[in-house]
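Okay, got some structures for you below.
Each of the two complexes below includes chain A, the first together with chain B, the second together with chain C.
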Partner chain A sequence: MAIIELKNIYKKYGDQSDVIEDFNLSIEQGEFVVFLGPSGCGKSTILRMIMGLESITSGELKIKGKLQNNIPAKHRNIAMVFQNYALYPHMSVFNNIAFGLKVRKTPRKEIKEKVTKVADLLNLTPYLKRKPKNLSGGQMQRVALGRAMVRDTDIFLMDEPLSNLDAKLRTTMREELVQLHRNLSATTIFVTHDQMEAMTMGDKIVILDAGKIQQVGSPDEIYHQPENLFVAEFIGAKKMNLLELTKDERGVTYSNQVIKLPVFEADKEADILGVRAEDCRLSLTEGYPFEITFIEKLGSDQYIHGISDGEKVIVREKPEKTFEVGQQIYFTINEEKIHWFNRETGEKVRPKNG
Partner chain B sequence: MEKATRSERIILFLILAFIGVFMVFPMIWMFLSSLKTTEEVLGSTMTFLPSDPQWSNFSGALELAPFLRYIWNSFSTATVIVLAQLFLSSLLAYALTQMEFRGRNVLFMIILATYMLPAATTYVPSYIIISRMGLMDSLAGVVVSNIVDVFSLFLLRQGFLKVPGELIEAARADGASEWRILWRIVVPTSKNTLINAALISFIGHFNNYLWPSLITNSEENFLISVGLNRFFNSQGAFGQTFPLIMAATVISILPLIIVYFLLQKYFIGAISSSEGIKG
Partner chain C sequence: MDKQANFKQLFVFVLIPLIPLVIFWIIPLIISVWLSLTNWDYISPTYEYVGLDNYLNLINNDAFLDALNNTLLFTVATVIPTIVLGFVFAVMLNQLRKTKGFLQGLMFAPWITPMVGMSIVWSWMFNPSVGPINQVLGLFGLPEPNWLSDSSTAIWAVIIVTVWKGVGWAMLFFSDALTKIPKGLFEAADVEGAGLGQRIRMILIPLVSPMTLFLFIILTLDALQAYDQISILTQGGPSGSTRTLLYLYYEMTFQQFNIGAGTAVTVLILIISAFLAFLSMILSKKFVFY
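Entry: the complex of A and B
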């Protein structure tokens, strides 16, 4: 059964246009869901609506089957971790973690037990008496997490909790969070604009842009089967190469060479060919023209950037091959890995039976 | 900013030192005068230091009027007023900053508008209200007529606006009621603002003269400012008791000086936070 259900959710501020438009999603018990999108896409707004910090203009929010629209945040019994941690500056680490329990009139002894347990789990025991200002970023982050964990709830909301940490710490915390989720098996919604975070942590990724869901799927699905141009360009260390096709008497062409199109579903037409850098190869003799503009060596691989018929194209190659900037060569495409799109709708065009 | 050269700093220091001495001199003069004899104060040759410090002037002044009583009256009423003001202003400032309701800004504008009213125009209506409440000539009257203060409300509102919204949201997510958020989160994080407001208000009410003088009549209810003034006027031969008056004045400002030394670091904040507002 879905633990959180969002149905036709809209959000509007004053007379402005919709910030969130017709948002529909259902989240299962125990899932780790990541909301991913560029800043301003509305991902935090949805999270804050689930928490009850933001009103819902229209639509239905149900948690465990109960309508939540008008229930204030304090009665929703959801724990939230904020981007800037939002630690209470005048309270010790212990009191920060204990606050939510004190509010709920938990007996003293129980508070002590629970806080001690959580602090132990997060390696915060030596810092319990410190004030937040005397903690490092990573420690503050743990306290914020501890404050959520200590609560007797099975829904966690996290609003870009790792974005203020340095790169190394972020990777460690990412692993710890996944581990934690596995142990607690609490339903978690994690908001981020970092696709690495999304891909490594999420069971289910919800990609948002301009207040609308672009695609919902597992990390594999959104990488290998992008539903539209936005997802194709947004996901991946390198955005997908998109080649504009033209039509003439010979059929559909790219760079004056005929492209063999599959048979599409009825009434659908494709005019953009998408292919990932790893599904292209460079060749000295055949393929589409390619002029190398920049070489990005990553050790294990190299990305060769180039211009092909006016379009920017990136090809991944093995590190041992040598190329030179300015070289005029060719590139080929693995035809099985092509994605077809329609420019006008931005949607993926599916081949029949494909 | 460029670093001042040595000579520039010396000049700056001299100017500030001069202004400082200029400002503090009346107080020093008051203190020295309180230790002089009447002849020394009014004699044709002016002396700076008392030739023979007359410490007895202080006990003399205390015998002539119940100054300690006045100081206690001022101190206790100012304390109660400050506590009540902070309590009420906190409630209102919280609503004005953290709660969303229709007409919130209009309400704030109306409250601010009352601050533009010259205090003197409120004396007559306030006088009538206090008298109908049966609080004339009582310290309770002084307290009740002062427990609401627009200025401290304004200061607290500005302070509460600086509390990060995430903190309040985190507390709401933690399940805290608005009442608890106010006293456990907002007030402690705005501690400096509250101390500033308390100091400004305390000094104002400790020194308050005109309004208390209108509603208090009997000696036992005089505030120090009122008592001091009556003392001036009642000592007919003004010249004869000048050192005693000075001694009484020194006694009267003593509590404030103690407060100043204890809370020095907050005073700068209090003054800079109110500058440009109190004019």
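Entry: the complex of A and C
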């Protein structure tokens, strides 16, 4: 059963244009959903609408089958981690974490137990007596997380809860959060603009741009089957290589070589060829021309950046091979791994029957 | 060398600013304390040192004890309602968008109007036969007291006027403090299920507490020095029921020309003020969040 359902959601602030347009998403019980998108694309806005902090301009929000549009935030029983933490400045870390429990008149002993446990998990025990202004950004962020984690609820909304942690803490917190999510069999929506975070944590990733869903899918689907140019460029350690195809009397060409196009569904046309760096190879003798401009060595791999027919292309190569900047060579493409796009619509174009 | 430089700095940055303080505050204070130990009558060229006589007389003087009593009542009964109402109005007006500024201005107006003028209007309002207050009370069948001429109600009339004047002022300060509280805190409290009462008690009140302390001190000192409204509404009467310490001082000094006793009263007012300020500082450690 879908626990959270968003149908045709629109959001407008005042009389500005729509910030969220026709947003449709259904989230199953127990899913860990990641919202991924560039800054300003509307991630926080959707989260705040689900929470009830922002009104829904039009559309339907259902939680556990019940329409929520007019239910105030405090009756939704959802825990949320705010992007800017929103810690109470006059309360100690302990009281900040305990606030939700106190409000619900939880017995003292239980509050103490729960807060101690969460503080321990978040490495906050030494700071329990401190006020937020005497904490570092990462510590504040953990307090904000702790405040959500003590809550007795099964829906968690987290707005970039790890953005201010150092790399090591971030990795451990990712694991902790996924673990916590499993233990509570909770449903979590996690906002981030860090794709590594999205890929490693999410069961389901929702890619957003300019208030619209670009693609919804598992990390694998998002990476291997991008639905449009935005996703193709946005996802991946290196953006996908996109080669502009031109048409002449011989057919479709790239760099003066004819490209064999498959037959597309519904007579659609493709004029962009997309291929990931790992699906290309460099060659000294054949392929499309490639002039090396920059070599990025990552230890286990190296990324060779170059220019091919005026376009930037990146190729992943084994670390043993040696190349030099300025070298004029060629690159080849694994034809099975090509993604076809239409420039005008930005959409993927599928070949007929697979 | 270093010590000399230090001394120069001390002289320039500390001693020079102290000069006006010494001339206009400390010296008069010392003179007052000295005068309170004499029997000077304001006119005679001679006077005698009488030790603590003035103070002892005051303590045995019913008029003084009544005035002390009135002062404390007046202070408590003006400061607390002014702060509470100021806060309540600030919270209410803060919810408004368009009319907020206008209503704030309206409420603040009494503060900038001279107390003397307002007091005259109020003495008409309180008038038992023509005043609107009793006409309204009568409409609802409520008792119609002789406000200013009844010794059991006169002080309450003065208190009402004083609170009415101060509320808008306190409201403005609280409004400012409220707008400085990040909106996110209320959202967080909302998310955690806090109701209106809990939000006010657990977030709003603690976060405006520095402002509350400030208003508490200023309003207390202001109440201890209330004079204008008393002098116009009741002249300390009827039968001394609105005679506060400051009013007593005025009567002793400028009507009875008993400078010694009068200054003794001011010294006591000063001591009370200092004590209350000190007390609020102590309390603030426990209740005020910075």
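Note that the second predicted complex is superposed on the first by the 335 of 354 C-alpha atoms of A that agree within 3 Å, B and C clash if a C-alpha of one lies under 4 Å from a C-alpha of the other, contacts with A are read in each partner's own complex, and residues count from 1 in each chain.
Just so we're on the same page, contacts are C-beta pairs under 8 Å (C-beta built on N, C-alpha and C of every residue); 3 or more make two chains touch, one makes a residue touch a chain.
Here the structure is a predicted model, which means the values were calculated and not measured.
Student: Could you check whether chain B and chain C clash or fit when both are placed on chain A?
Tutor: Clash.
Student: Using the touch definition from the top, say if A:L169 reaches chain B (first), chain C (second), both or neither.
Tutor: A:L169 sits against neither chain B nor chain C.
Student: Name the contact category of A:I78: first (chain B only), second (chain C only), both, or neither.
Tutor: Both chain B and chain C are touched by A:I78.
Student: Thinking of the overlay built on chain A, is A:P89 touched by chain B (first), by chain C (second), by both, or by neither?
Tutor: both
Student: Give one of first, second, both or neither to describe whether A:L128 is in contact with chain B, with chain C, with both, or with none.
Tutor: After superposing on A, A:L128 lies clear of both chain B and chain C.
Student: Would you check which partner chain A:M51 touches, where first means chain B only, second means chain C only, and both and neither mean what they say?
Tutor: Once the two structures are laid over each other on A, A:M51 reaches both partners.
Student: So in the superposed three-chain picture, is A:V252 touching just chain B, just chain C, both, or none of them (first/second/both/neither)?
Tutor: After superposing on A, A:V252 lies clear of both chain B and chain C.
Student: In the superposed arrangement, which partner chain does A:A210 touch: chain B (first), chain C (second), both, or neither?
Tutor: In the superposed model, A:A210 contacts neither chain B nor chain C.
Student: Applying the document's definition of touch, where does A:R147 land relative to chain B and chain C: first, second, both, or neither?
Tutor: The answer is both, since A:R147 touches chain B and chain C.
Student: Between chain B and chain C, whom does A:V178 touch in the aligned arrangement: first, second, both, or neither?
Tutor: Once the two structures are laid over each other on A, A:V178 reaches no partner at all.
Student: After overlaying the two complexes on chain A, where does the chain B footprint on chain A coincide with the chain C footprint?
Tutor: In chain A, positions 51-53, 72-75, 77-80, 82, 84, 86-90, 99-100, 103-104, 147, 151 sit in both the chain B and chain C interfaces.
Student: Which residues of chain A touch chain C in their complex?
Tutor: Touching chain C from chain A are residues 51-53, 72-75, 77-80, 82, 84, 86-90, 99-100, 102-104, 147, 151.
Student: Under the stated contact criterion, what part of chain B meets chain A in this complex?
Tutor: Contact set of chain B toward chain A: 164, 166-167, 169-177, 180, 184-185, 188-189, 191.
Student: So in the complex, the part of chain C that touches chain A is made up of which residues?
Tutor: 182, 184-185, 187-195, 198, 202-203, 206-207, 209, 289
Student: Where on chain A does chain B make contact in their complex?
Tutor: Within the complex, chain A contacts chain B at residues 48, 51-53, 72-75, 77-80, 82-84, 86-90, 99-100, 103-104, 147, 151.
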